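One chain, subunit A, appears in both complexes that follow, with subunit B as partner in the first and subunit C in the second.
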Partner chain A sequence: MSFLNLVEGPLFSFAAAVFLFGALWRLIGIIRIGRKKDISPPKASAAAGFIRGNLRHFIPRGIFAKRTMVHIVGGYGFHLGLFVLVFFGAYHIDFLNERILGFSWTAMPRWAFLITSAIAFAGLIMLWVRRISDPVMRLISNKDDHIGSWLTFLVMLSGCFAMEQAHDSLRATHMLLVDIWLVYFPFSRLMHGFTFILSRGNSGATYGRKGIDL
Partner chain B sequence: MSTTTEIAVEKFLQHTDSEAASFFEACVHCGQCAEACHFHLATGDPRQTPINKLRPMERAYKRDKAPFSTLKKMLGLAPKPVTEAELKEWEELVYDSCNMCGRCTLACPMGIDIAGTIRKMREGYAAAGLVPEGLKSAAEYVKKTTSPMGVTIKALKAQIAHQEKATGIKIEVDKKGADYMCTFSSMEIMGYPEVLGAYAKLFKRAGLSWTISSVAYEATNVGVQIGSAPMAKEILERVVDAAEALEVKHVISPECGHAYGAIRWAGPNLMGRQFNFEVVHIIEVLDKLRREGKIPAGKKDSRRMTLHDPCQIIRRGGLLKEPRKLLDESCDDFVEMKGAGLTNFCCGGGGGVSANPRAEELKTKAFSLKAEQLNGVENLEAVVVPCGNCRSVFEDGLDAYEMDLEIIGLSELVAETLAEPDEKQG
Partner chain C sequence: MLMLAAFAAPAAAQSVRPPGNAVNLDDGIEDGPSNALGDVSDTDIWDNFRGGNPKDILAPTREGQMMTTTGQQWRVIREKFIRKYLGWAPLVVIGLLAVFYLIRGPMKIAGGRSGKTIPRFNLSARVAHWFMAGVFIILGLTGLIILLGRVVIAPYLGLEANSVLTSAAMQGHNLFGPIFIFALIWLFIKFVRGNFFQWVDLKWIFKLGGFFGGHVSSRQFNFGEKSWFWMVILGGIVISVTGVIMLFPGLVDDIRWLQLSTILHALGAVALIAVAFGHIYVGTIGMEGSLDSMLKGEVDENWAKEHHDLWYEEVTGKSAKEEDAT
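The block that comes next holds the complex of A and B.
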């Protein structure tokens, strides 16, 4: 078995399983801690607040925008860029079709892939530069934040190198890093990709039952 | 681990429910909360970043309660245990520089309720006895007199007598079967007793049956500020028992921010049961009476006024529109300050900070942002502050920044601009 076959085959399956079961374990673990039922008479629906809280926090509030512009631009650029690259990049669609899903959809053109990559890279770099340069960020950041950023950066960078599919070793490097990223995900802060739903939802529900549109 | 640390950590873990856990698990250390916090904005100190204030509690959770914590401990990857030195270092951040105002939640992309979690974290600090002296003294006063400022029933009755004389309206104490029982903050009773007269005038006009309890007149709940659920429950019990003994249908929470949250939202949860009466905020009552035409607006106040949004009434209490409707009908020239409403700045003295002399300098610094907001309104003559505590912070703050501005309570303004019985409505 070639190294490429290993990282795309058994190692990928293992990493995907760790990702899925690890993330599920962590989410269930958080929910299972439980909380006391709020018995104060509600003014409005907590469930509606949960949903509203999740949607509302996608849109930054104008009053904070000026002071948090770097984070807003970097954050949106990186996250949206990464999402589009993963799910609309031609090679990713082929991989998902052949290995996991068994169906495909229209990929974005190569020029769009390049532009999106540039946006995602710029966003990630902006976020990381802010992390190491801003005194607040330096104080609150830890190893996990840096490992998560660097690992994601390396996955993206190796993906760019592998784009031409000219060398198996480049594609294998990309897949190896993807496997590592998938294994690291459930044990790290990268989990915010799932836990944000609980966090926003819980605050939304608490405020929502008071009749506040958070 | 010292006993103090053990007690604090045990409480941290006990109060880290799935809600707090979801916050610790979702935080990406983006630092946006710092940009919303008046303590950070006023000082520029990174330590004042709201999420940083939760660090000992987060550490305890990640070490001993979080999913995978056992595995991480076995691999030596778990965070280090919280130490007593750290707890002491953080005490100032937890009590002096957090008003639990919740502004940071609005800026947080994960929607983390840092204010609510600070409240839970204070449970650990209170249980371990790591509480500022000012708050300890307030708690002692509460034990002796029911009031954090030591206001006795004798003092209240004297204020009632003054107001009865000023308004010519009888204020009944311990009237069984009244529809409404009013509570007040000590600050109102001693600093702004006109509010008693305002209630008397407004309720007489509305034909409301109301009373004040001689044993449960105090609305302030220092237990909530300190972060002690047992103390908060004990204080609350007094009000609940009195209201149920007097068989009132409603208890009115006064123009005091945290008192409203303490009885309306935390109250039933602290007591473990729902009450036999409804808790309403005075602003809700006045708004309802106004809509029903029972307290019609008369000649409006002609001064240029703005409204301060007390965080526990507006942002964390849900009464955003009601004070604005009342103010619009009572004032000719009502203007909003920049950032008004849900995102308004706290006065800097909430959450027990104003009862903590150690935090005085920090509180004044934080008020600079409020002063800036007020200075941003041209030709401003008065500010309506519907919270007794905020009002006292405003008095100190305006004095510190040499600003000449009148401070008015909302109930007083509504009472002053009430239409005379034969007056054409405004």
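The block that comes next holds the complex of A and C.
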């Protein structure tokens, strides 16, 4: 078995299983903690607040928008860019079709892939640079944040390096980093990819129940 | 040796002797025309095929000629000059900086740190700077691999390793190129204010920036910083335009633009990489307190008074000299 087959085959299956079960385990764990019982009579629906809290956070607050512009532009550029690259990049659709799902969908054209990659890279670099430049962000960031950022960057960079599809070693490097990223994800702050719903929802539900207009 | 030569001589004579059953092919064949090569020399024939002056890379092709010589000239410039010598420029700069550091040492803040700081760069300016720095490093590394891989990597790591690295570098370089254009525009918007040359810069030039002693006045940016800024902007524009031409060759209808683009792209990039080492040196180990401005956004007051006294007075409303006296 070649190294490429190893990282695309058994190692990928193992990493994907760790990712799925680990993320599920973390999410169930968080939900099981539950919330402190609120005995005051509700003024409005907590469930509606949960949903509103989630949606409201997608739009920056007017008074903070200018101050957090780098965060907003970088955040949206990176997260949306990465999502589009993973699920609409021709290479990824082929991989998912052949290895996991058995069906495919329309991929975006190569020019769109390149533009999206550039946006995603720019966003990620902006976010990390802000993390080290802003004194508050620097203070609240720890090793986990930096490892998560750099691991994601290396996964993307190795994918970019392998785009010519001329060398198996480049593809194998990309897939090895993907495997490591999948295993690292559930046990790190990368989990915010799932937990943001609970976090925003919790705040939204708390305020919603109190009748506060978000 | 003589004995070896003695044995070798008959063997060599034997190897050129025709076999016994060999047929003489010349038998019965008449001689061809005596002027088979014609009256025109090879040089004249090729001169008629190719156009332009071989030494002039920018000259247009003469009408009716089948090929240009610019491709050959481009190859010579790239192989004999750029690849052979230009790659050394960053190393030479590093060497000079090392010698300078050993002789001069770091520029310490004269009165030591005061413990009081004043804001110099806001968050978005710092992010713009580090964003450009990150993209510049990625493009610099991948670009140098593309340009010099065959002469620096291949002889030591082998052709296969060079092929893999060059393929990766090419993809990375092409993808990060457009991000550089975005970074350049962002950097320009954030830093152009205060980077226009002023009369006070002349004093900085005459005193060689104070690197060899003496105090030099300057506003928010001194002559060295301003020169670096415009070098990045103008060099960046050259690199960006030539890079876009190379990414989209269909944009130009004459191959000489592409040849010129590769040369200008390499010259501009290597020059910026070389000078960037000077920028990094002054911003880190070369000058005490400089790095704070880009890491924390604030600088020590004594640093500001020493290196940017006019800016200090403008920002604080206090006199840099009076403060020194107290």
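The definition used in the following text is that the second predicted complex is superposed on the first by the 214 of 214 C-alpha atoms of A that agree within 3 Å, B and C clash if a C-alpha of one lies under 4 Å from a C-alpha of the other, contacts with A are read in each partner's own complex, and residues count from 1 in each chain.
Here, a residue touches a chain if its C-beta (ideal position, glycine included) is under 8 Å from a C-beta of that chain, and two chains touch if they have at least 3 such contacts.
Everything quoted here is computed from the prediction, not taken from an experiment.
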item: Fit-or-clash call for subunit B and subunit C when the two complexes are aligned on subunit A; value: fit
item: Touched partner set for A:Ser104, first subunit B, second subunit C, both or neither; value: neither
item: First, second, both or neither for A:Phe121, with subunit B first and subunit C second; value: second
item: Contacts of A:Met69 with subunit B and subunit C, given as first, second, both or neither; value: second
item: Partner chain(s) touched by A:Asp134 [first = subunit B, second = subunit C, both, neither]; value: both
item: Subunit B or subunit C, by number of subunit A residues touched; value: B
item: Partner chain in contact with A:Asp38 - subunit B first, subunit C second, else both or neither; value: first
item: Which of subunit B and subunit C A:His57 touches, first, second, both or neither; value: first
item: Partner chain in contact with A:Ser2 - subunit B first, subunit C second, else both or neither; value: neither
item: First, second, both or neither for A:Gly204, with subunit B first and subunit C second; value: first
item: Lowest C-alpha to C-alpha distance for subunit C against subunit B (Å); value: 11
item: Interface residues of subunit A shared between complexes with subunit B and subunit C; value: 130, 134-135
item: Partner subunit C, residues of subunit A touching it in the complex; value: 69-70, 114-115, 117-118, 121-122, 125-126, 129-130, 132-135, 157, 160-164, 166-167, 169-170
item: Of all residues in subunit B, those that touch subunit A in their complex; value: 16-19, 21-23, 25-32, 34-36, 40, 46-47, 49, 51-52, 65-68, 72, 105-113, 116, 264-269, 272-274, 278, 315-318, 320, 339, 342-343
item: Subunit A residues touching subunit B - in the complex, by the definition given at the top; value: 25-26, 28-36, 38-41, 43, 53-54, 56-57, 60-61, 63-64, 67-68, 71, 75, 130-131, 134-142, 145, 186-187, 189, 191-192, 195-196, 198-204, 206-207, 210-214
item: List of subunit C residues in touch with subunit A within their complex; value: 123-124, 126-127, 130-131, 134-135, 163-164, 167-172, 174-176, 178-179, 182, 295-297
